[in-house]
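The structures come next, written out as structure tokens.
Two complexes are shown next, each including subunit A; its partner changes from subunit B in the first to subunit C in the second.
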Partner chain A sequence: MTKDKTFTLITEAVREILPELADRDLSESDTLDALGANSMDRAEIVMTVLEEMDLDIPLVETHGPQNLGELAQHLSDTAAAKAR
Partner chain B sequence: MRHPAGLVVTGLGVTTAVGQGKTAFTDALFAGAHRFAVMERPGRQLGTRFVGAELPVPKPTSRLGARELRTASLTGQVALTTLEEAWTEAGLDGYDADRVGLVIGGSNLQQRELVLAQDRHRAKPRFLRPSYGLSYLDSDLCGLCTTAFGIRGFAHTVGGASASGQLAVIEAAEAVASGRVDVCVALGALADLSHWELLGLRAMGAMAAEDHADAPAEACRPFDQGRSGFVYGEACAALVVERAGARPDAPAPYARLSGWSVRLDGNRDPNPSLDGETAAIRGALDHAGLTARDIDYVNPHGTASPAGDTTEVAALKACGLTHAAVNATKSITGHGLTAAGAVEAAAALLQLRQGRLHPTRNLTDPIDDAPHWVRDAAVEADIQHCLSLSMGFGGINTALCLSACDA
Partner chain C sequence: MSRVGIEAMNVFGGTAVLDVMQLARHRDLDLARLNNLLMKEKTVALPFEDPVTFGANAARPLLDRMSDEEKGRIELLITCTESGFDFSKSASTYLHDQLGLSRNVRMFELKQACYAGTAGLQMACNFILANTSPGAKALVIATDISRYILEDGADVAAQDWAYAEPSGGAGAVALLVSDTPHVFQLDVGASGTYGYEVMDTCRPAPDSEAGDVDLSLMSYLDCCEQAYRAYAAKVEGADYRDTFQYLAFHTPFGGMVKGAHRTMMRKVAKAKGAEIAADFERRVLPGLGYCGRVGNIMGATVFLSLASTICNGAYPDPRRVGLFSYGSGCCSEFYSGVVTPDGASRLRGMGVEDHLDARYRLSLDEYDQLLRESAFVRVGTRDTVVNQDFADRTAPGTAGASPRLVLRAIKEFHREYAWID
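Here is the complex of A and B:
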């Protein structure tokens, strides 16, 4: 899955888990922290995206990326590596 | 001896299928309304056609944001709405949060939504949402309610099967009487059954069979010869308990909590016990400093269980309560299980305030003529002292005595 497609999945999940952001534009530089996500919200968002990607990895492996763009890149790269 | 604490109820919230909010609920009680139908909520079928009373999902509270409400279960949403009504009536906004407690009656309260979540992820369990780790706990409801209302004194659940709601009222009363908090809210939580619980309760013979699906209005018949078990009804009620006169701006109380009693049968099974029920009734009367003659009205457990109703009537007779008026709130609401004791305490308080008793639906051929049944229509009644009774599987018997403030 491309990084752009993964980023779209992330923004959809963010808007589902944080409904107050429904009308806000999200950019790759946004961080989940700054968007108001607590640790449970973050886990919910990432798990929602992982299910959409059918990417079965431990949540702890998604803790490195600092913003939405880095998270999209990381998940996209991880999915590509697993597919090889 | 009369309990020295002088405890009163200053706020009520009620959410049932027949009425959401105490005004609509009171009207429905006196009209003998019902909402029994073949149940349609997802997670309650699995090929069955059980009759029950399902309530409309309430409007979300403004005390929580969309993010918090997204993961609130039906039980949680109904608890918030019901607590809001009681809280607002009692005027608790701004009161010292450290001196307010919350007791939630019930256990295994969100079974239907857990089953739905399990079904959604059965084929891909590793993607189960992390929030499941919170929401499978009944105490998540404490977290939800204390977040919304800022309660800081204490909050926990109490489990007593179908006596849970009344047990919550009793524990709230004990918490105020002991000085642990100044104000304690008792909430009988909605027991959100899945088809598995329905099937289990039917298999054990406690719940009415599916053969009422074509005549749902007639399915629920407490104390009637034609009864065949309880009919489930979604419900929730909240009662605000505090010391009379402790807050200058508290509203006029509904009544005094004049006595209560909890008695166990030492019996793991679901069967009722005449000894346990009479001991609970006598214990509450003794606690209140009253005798059976002082009781004007009994709100019984009255589930329409074949053995339960028979035993309860025997207990009323053994305790000398056949002069007191008796109606069965569950004939109107259905059996709220964990909520029932709180819903029925609320029903008793609302009737006491109105000076009227609601009819009992479907009581066409009573199992015993000795009790003073309120049958087809509401009646006027000057209630000074009344009893509300609850029993739960596992040999739990509770009785609560409510008294007019000037009695």
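Here is the complex of A and C:
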């Protein structure tokens, strides 16, 4: 899955978990923390994206990216590595 | 012989307590975010309280209900803690002395972050099951404290632990383990473990905690699923939705458990929104009550949740409780056992709720004063006379309450305690 497509999945998950952001534009430099997601929201957003990507990896392997763009890149790379 | 488990248990949730909402306003924290923690109060360890006093105060009421002969059958004493204050001498040695146990006891201290209590319970159960000393009993004491020592000039709200402060508690749970498991009969062999190396939270130096909240939560959620899957692989017919009438979780704060339960119900039980919410109220919420009144007590938390599940649940007939224990670093386990109507009534007889109600309510001024005056005894202290200012204020108001243990002094590193009424 491309980074752009993964980023779209992330923005959809963010709006599902945080409905108050429905009308806000999300950019790659946004961070979940600054968007108002608490630690449980953050984990649920990532879980939702993993499900949509059909990517079965431990959550701890998604830890590290600092913003939405980095998260999209990381998940996209992980999916590609797993498919190989 | 396969009957084993908890014969008797007791909770000690401290002598002083702080209202979490008041603390949050005082610290200028986001109240909506705080509500998600599902915390009402947190126990605050006073200067004369340490892991030994908490542990002894949890265990004493159990021993006071036993005959000398029964006490003499306690042949194993395990103290489970991540708040130890000596790298060699175990807290069990002090507890053994203060509780007046037989000298023919195997004793040691056990560490694996918040998983320590479960590790202790399982080791004790295996000792009983091995039948190497028929009729023997084991005493497992899980005891932990969190302390927030303000460094000079620290800006509290800006600190990483701003949201950890309201949930960090202090307390202990004592378990008498034997082949007459009146309170909780372990399902022998029904257990799934899951562990691997991860640097989520730890205590790398005396009197300090370090960690990554996100990583720890993710590891907790991974383990919650994987430990249960390991359980289900061993236990024929296990079903997350139907096998357990109650679920007790390691509870750093209630909101985390709510999220973990939601995830499990969605992923493992394939349930949806409204059903998940109803299931949470029915099976999980009873176990969060005491946790929301004491705070996270690390190794003892899963038993605090078990006690809450037993005292606040309904037991018209035997009910199975599933437990999830997680300790950073990490090791986790999902296991189960059965609580009977008699067991529930025995534990309610310990008066845990009354004890929690009777704790002294600290004002914010008193709390801040405690943090700032460095009255606390730091790990490694060689000689000191311990500040007893709060001892009178926090004396139990109820007649017939058990005596409590306090730390009086340290001389040449040796801790000196006293029982007071």
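A few notes on this one:
In this text, the second predicted complex is superposed on the first by the 84 of 84 C-alpha atoms of A that agree within 3 Å, B and C clash if a C-alpha of one lies under 4 Å from a C-alpha of the other, contacts with A are read in each partner's own complex, and residues count from 1 in each chain.
In this text, contacts are C-beta pairs under 8 Å (C-beta built on N, C-alpha and C of every residue); 3 or more make two chains touch, one makes a residue touch a chain.
Remember, it's a predicted structure, so these values are computed and weren't measured experimentally.
When both complexes are overlaid on chain A, the residue A:H63 reaches subunit C alone and has no touch with subunit B.
Look at A:A43: by the touch rule set out above, it reaches both subunit B and subunit C.
Looking at the shared chain after the overlay, A:L18 reaches subunit B, while subunit C stays out of its contact range. When the shared chain is aligned, no partner comes close enough to touch A:T31: not subunit B, not subunit C.
Counting the residues of subunit A that each partner touches, subunit B and subunit C differ, and the larger count belongs to B. Put simply, subunit A uses residues 40, 43-44, 47, 59 to touch subunit B in one complex and subunit C in the other. Contacts from subunit A toward subunit C in the complex involve residues 38-40, 42-44, 46-47, 58-60, 62-63. Against subunit A, the residues of subunit C that register as touching in their complex are 33, 36, 198, 212-215, 217-219, 221-222, 255-256, 258-259, 263. Residues 16-20, 36, 40-41, 43-44, 47-48, 50-51, 54, 56, 59 of subunit A are the ones touching subunit B in the complex.
In the complex of the two chains, the subunit B residues touching subunit A come out as 65-67, 70-71, 124, 126-131, 134.
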